[in-house]
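Next up: the structures, one after another.
Here subunit A shows up in two complexes: once beside subunit B, once beside subunit C.
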Partner chain A sequence: MTAAPMEQDGYNLRLYVAGQTPKSLAALANLKKLCETHLPGRYTIEVIDLMKDPALAQRDQIVAIPTLIRQLPEPLKRIIGDLSNAEKVLVGLDIAPS
Partner chain B sequence: MASNDAMQAARPRNEAEETVEAIHRGNVDAVVVQGPSGPQVIMLQGADAPYHVLVERMSDGALTLDADGCIVYVNSRLCALTGLGAQELVGRSFASLFIGSVPQQRADDTASDAQLRRADGGDLPVSVWMRQMAMGGVVATLVTLTDMSIQRRAEEVATAERFARSILEQATDAIVVLALDGRITHASWVAEQLAGRSPVGHMFSEAFALDAASASQQGTLARFSRESLDQALATKPFHGVEVRLRDPRMSGRSFLLSAGPLVNDAKDAVGSIVTLTDITERKRAEEQQTMLVAELNHRVKNILAIVQSVAGQTLRTAPSLPAFNKAFSGRIQAVSIAHDILTQTRWIGIGFNELLTTVLAPYGVGEGRIVIEGPPVLLEARLVLPLSMVLHELATNASKYGALSAPLGQVTISWRLRDDRQRLELIWLERGGPLVEGGGSRGFGTTLIDRVVRFDLDGDAVLAFEPEGIRCKLIFALTAETTPEHLPASAVQPD
Partner chain C sequence: MKTSVRPRIVTRDLPVIAKSPTGIDGLDEVTFGGLPQGRPTLLCGAAGCGKTLFAMTFLYNGAVAFNEPGVFIAFEEQPEDLIKNVGSLSYDIERLIEQNKIVVDHIHLDRNEIEEAGDYDLDGLFIRIGFAIDSIGAKRVVIDTIETLFGGLDNQAVLRSELRRLFEWLKSKGVTAIITGERGDGTLTRYGLEEYVADCVILLDNRVHDQLSTRRLRVVKYRGTAHGTNEYPFIIDQEGITVMPITSSGLAHDAWTERVSTGITDLDDMLEGQGYYKGSSILVSGMAGSGKSTVSAHFANSICQAGQRCIYFALEESPQQIVRNMRSVGLDLQQWVDRGLLRFSARRPNLYGLETHLASMHREVKEFDPAAVVVDPISALMGAGVAGDVHSMTLRLIDFLKSRGVTALFTNLGAGSAETATTEMQISSLTDTWLLLYNRETNGEHNRQLYLLKSRGMAHSNQVREFLMSAGGISLREVYVGPDGVLTGSARLAQEAKDRADRLLRTQEVERRTREIVRRRREIAAQIETLQAQLASEEGEMELLNLEGSAREDQRAADRIALAQSRASRRAASSSSKLMTSGK
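Entry: the complex of A and B
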């Protein structure tokens, strides 16, 4: 999706969605805005549509959609919902508000 | 409030707890559950709203069936196609939607054709696609219906267009279709040939520069300027105006110009169909027919005059009624044979040799009693009748009194061309017949020969009654210098 060269302290994010459900679309929009504001040039987002391949849910044990997974930096973190609460997302991803 | 949330989020929490809370707060719109064949995404209420809008807006009819084939959902397009409301459709059986066979799901995932029943009593051709799906443990069938009537109509229009096009291509007349402004929209193959290029897109008067074919037709065409002719042809019916094309390639050819309105389904004129029929051959045939009728009239009058004259003269010289009958029949027979020859040769003419053979057939021309010698000569049609009558008189005389009346008598007919092939000299020589006594007889036969040769053949006849038999010399012109309009001399009463 939005790709940037990975750095040492880069964020590798994975967003699980279900087609074009309203929460999925909102989550993706919120995430992109947040990353551009707080992590410019330091993130990658991979969007996985479970409508197309539900089996991919097993990899990160997804039970609700949308769900955001922070793969890197470790440890793995998980945020469920449409990511509309920016403050909560920043805390959840260990990103210091700028 | 926000910092309170953040503090809560920062607290290590059970993932299950977090998931339940997200669902509870309405932050998720789908969940993943373990189905019989692996993980399955289940939409929560509202999650399918975008799809619902798309389905409602799509141009195909869509419906969902339950496991019993009962309709559980229809989109608005399906309501429009059937003419029924959603409330009337939901709960009905799928089969009740169709007239005739009910479509089934196909193994190859393609659509099948069916007739959709409409509320107004009509029906609609549709293409039906179906797929059965397991949805959260229940089996449902998704169906789409595509209205094929527009496509069918388009196919019909295309077929009609091809049909019209093939008529245009094969028509022997030049046919063009004009729009209301006089511009050509379609043209037949012949029209293209006449115009020397594709006339489509041009004004009619540009593509076909016309002149009236005759002074009498000039008035009709002269009433129009170029522009007004285009207008008139496109909007008014035109019948049979004879015209010529100014194109030098078409000089000498005549055409019949006609135009009739082209109307649409609503009976409104949308242009016209203009035809240019090549009538050159027809006119030529008409002229020939007129000429032939005049000629026939002239000839019939001639023949009647001849018959009248022959009858009168034969009556005057015949000693008895049986003698009259015989002589008259023979002469009329000669006229008849001459006419047969003219008809068979289509009034073109005949070889002299052939004429002699035909006319003298009853007198033994093929039995060695009549010998024919001379170069090939083609006789004009006008010479056939007078020559036939002269030959008939000579042969009749010979068979009654001359060489052909005796068993060993013979007639030799010889001829040559003279005066630069302008004239023919013929010698009729009888030998082996009874001795001819002093001077012979100048009866009707000899008078007729003399007059016919002089007036009809523009020649001379010299009849010598030699003791061994008759010698007759005929000299006559092969080609007429002027066409004589008078009646043949054979029709003229003798002095």
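Entry: the complex of A and C
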């Protein structure tokens, strides 16, 4: 689900969901909106459905759903919840609000 | 152990809760079969109580003994650490992981790494546990310690509802689960997990008394089934976990009629010539140096001589020292050790708490299966617990040994004088045979005495004996009982010498008297002889006189006849009749 090509200082984001739950859908929508606003063209979003691939939950240490992981840039960051609190998401992703 | 469960509940045709055996010695007895199958059990306790080991043992036994694979969800420890830690219990978890019998999943939660932005649930956790369960077909699940979630995540309302959902979900999965929880202040768990896990709650405790810690376990709640409600001590050692449900044993042990020699011939004689009853408990009490250990060693020796096994729990001396010391009374205990008949189990009384001592004794007895056990001295355990505890624990130990038909000899070091030989633990009433060893001081020396205060079920001697130890072993001598009281030692020897002298005097007196009488008899006989001779001579005289008299008479008669004849010749024959008359 690549929304834009990778750039040098691009954000590589992974969203872990468990099926098409309202929270998951809300999280994805919130995330997209946020990225478009603050990181236009500088991000990729990968959605991982743990219902389909449960083994990844252990590998990536997922407990809460939905979980957003910032793979890049380093260091790794985790944000849980439906991302409705945009301010916290921005803090979590180390994005200065513009 | 697993087979000796004696259910007190009457089996009726009612739905009975299915149970999942833990395989932990004792716990399955306390719970009458194990944890509730297909339901979560809460295992709570303060830090360092052994919760993790308990839970891992449950999984390990499930995988090894009951063919029930298990999942370990570790919140606190890394799998490597966990595997290493339980490796000390000789659990080879790695092998079981390779065999797909155990899955360990570590859940890492760090509040600093996590930002909460909006509503969430714990589906990720559910998926992980579910995946782990499905991957090996697990029947058992351990979640250790789920309360870590409260430290890692902020939203308590979500956590609580999710936990409730988790436990319901585990039930629906049909797995038997252990949820561990840290003990809170005044509550069973810090976050009130007991609200969610309602079926079975087990509390672990590690109490310290007089610097000695004792682990205890209590089944706080077990819905729908009977369970032991007491606190049971348990131990964790390299063999695993053992819970001691000793109070569960009733007073129903068999009574044996077989006899066991005391190892001391003279003592056997005092006990109907046969010794103790098999499976009975014997208390040997006395002051320091009264020979308790020697009596014990003789007993152990005779057990081994009969080809049976014996455990000697030495709480004061090292085995080497006992072996050396017993050589001085002619006992070679080393040979039995070498032949595997005698096992010394030496430990310092203050090494650990009383319960732990007794639990480990339990284990050793089960393992070695001896015919007899010596605890020398049981009073050393006094310092390892409060008096009431010592009593109840000793009771448990005696019960346990009796139920196995193990003859048990306890020595007790009495601090007071022999006359007031009350055992501090009041275990005397629990024992069947009670030997008192005195060490009495008289005339500047101490002498050992032995007295059989009681011996249930046999006609035993009521005599105090003097107790002598020599290179040939123990011998018991009858004490001197005389007008001067009971005498022992040199006083007895002196008295005996005096008696001998008295006896000699008496014999001499008798001999003298005898001689006197003989002499008197002889004298009297001589006198009789003299008198008889006198009499005889007198009689002879008398005879003579008689003879003379009659001769004279004859002469006179003859004379008269002659005279008459001469007259007749002078006168006529017609007047001869007148002559006859006048001749009268």
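In the analysis below, the second predicted complex is superposed on the first by the 97 of 98 C-alpha atoms of A that agree within 3 Å, B and C clash if a C-alpha of one lies under 4 Å from a C-alpha of the other, contacts with A are read in each partner's own complex, and residues count from 1 in each chain.
Here is the rule we use: contacts are C-beta pairs under 8 Å (C-beta built on N, C-alpha and C of every residue); 3 or more make two chains touch, one makes a residue touch a chain.
Values in this document were obtained by computation on a predicted structure and should not be read as measured data.
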Q: State whether A:I62 touches subunit B only (first), subunit C only (second), both chains, or neither.
A: both
Q.
By the touch definition at the top of the document, which applies to A:Q20: first (subunit B), second (subunit C), both, or neither?
A. first
Q. Counting only touches as set out at the top, which of subunit B and subunit C does A:N85 meet: first, second, both, neither?
A. both
Q) In the superposed arrangement, which partner chain does A:L50 touch: subunit B (first), subunit C (second), both, or neither? A) both
Q.
Quick one: is A:K77 in contact with subunit B, with subunit C, with both, or with neither? Answer first, second, both or neither.
A. second
Q) Is there a shared patch on subunit A that both subunit B and subunit C touch, and which residues make it up? A) 18, 21, 23, 50-51, 54-55, 57-58, 62-67, 78, 80-82, 84-85, 88, 91-92
Q) Tell me, which parts of subunit A touch subunit B in their complex? A) 18-24, 50-51, 54-55, 57-58, 62-67, 78, 80-82, 84-85, 87-88, 91-92
**Q.** Of subunit C, residues touching subunit A in the complex
**A.** 105, 107-109, 113-125, 127-128, 130-132, 149, 152-153
**Q.** subunit A-facing residues of subunit B, complex
**A.** 2-3, 5-6, 9-10, 15, 18-19, 22-23, 25, 27-32, 38-41, 43, 46-51
Q: Under the touch definition given earlier, write down the residues of subunit A that touch subunit C in their complex.
A: 16, 18, 21, 23, 26-27, 30, 50-51, 54-55, 57-58, 61-67, 76-86, 88-89, 91-92
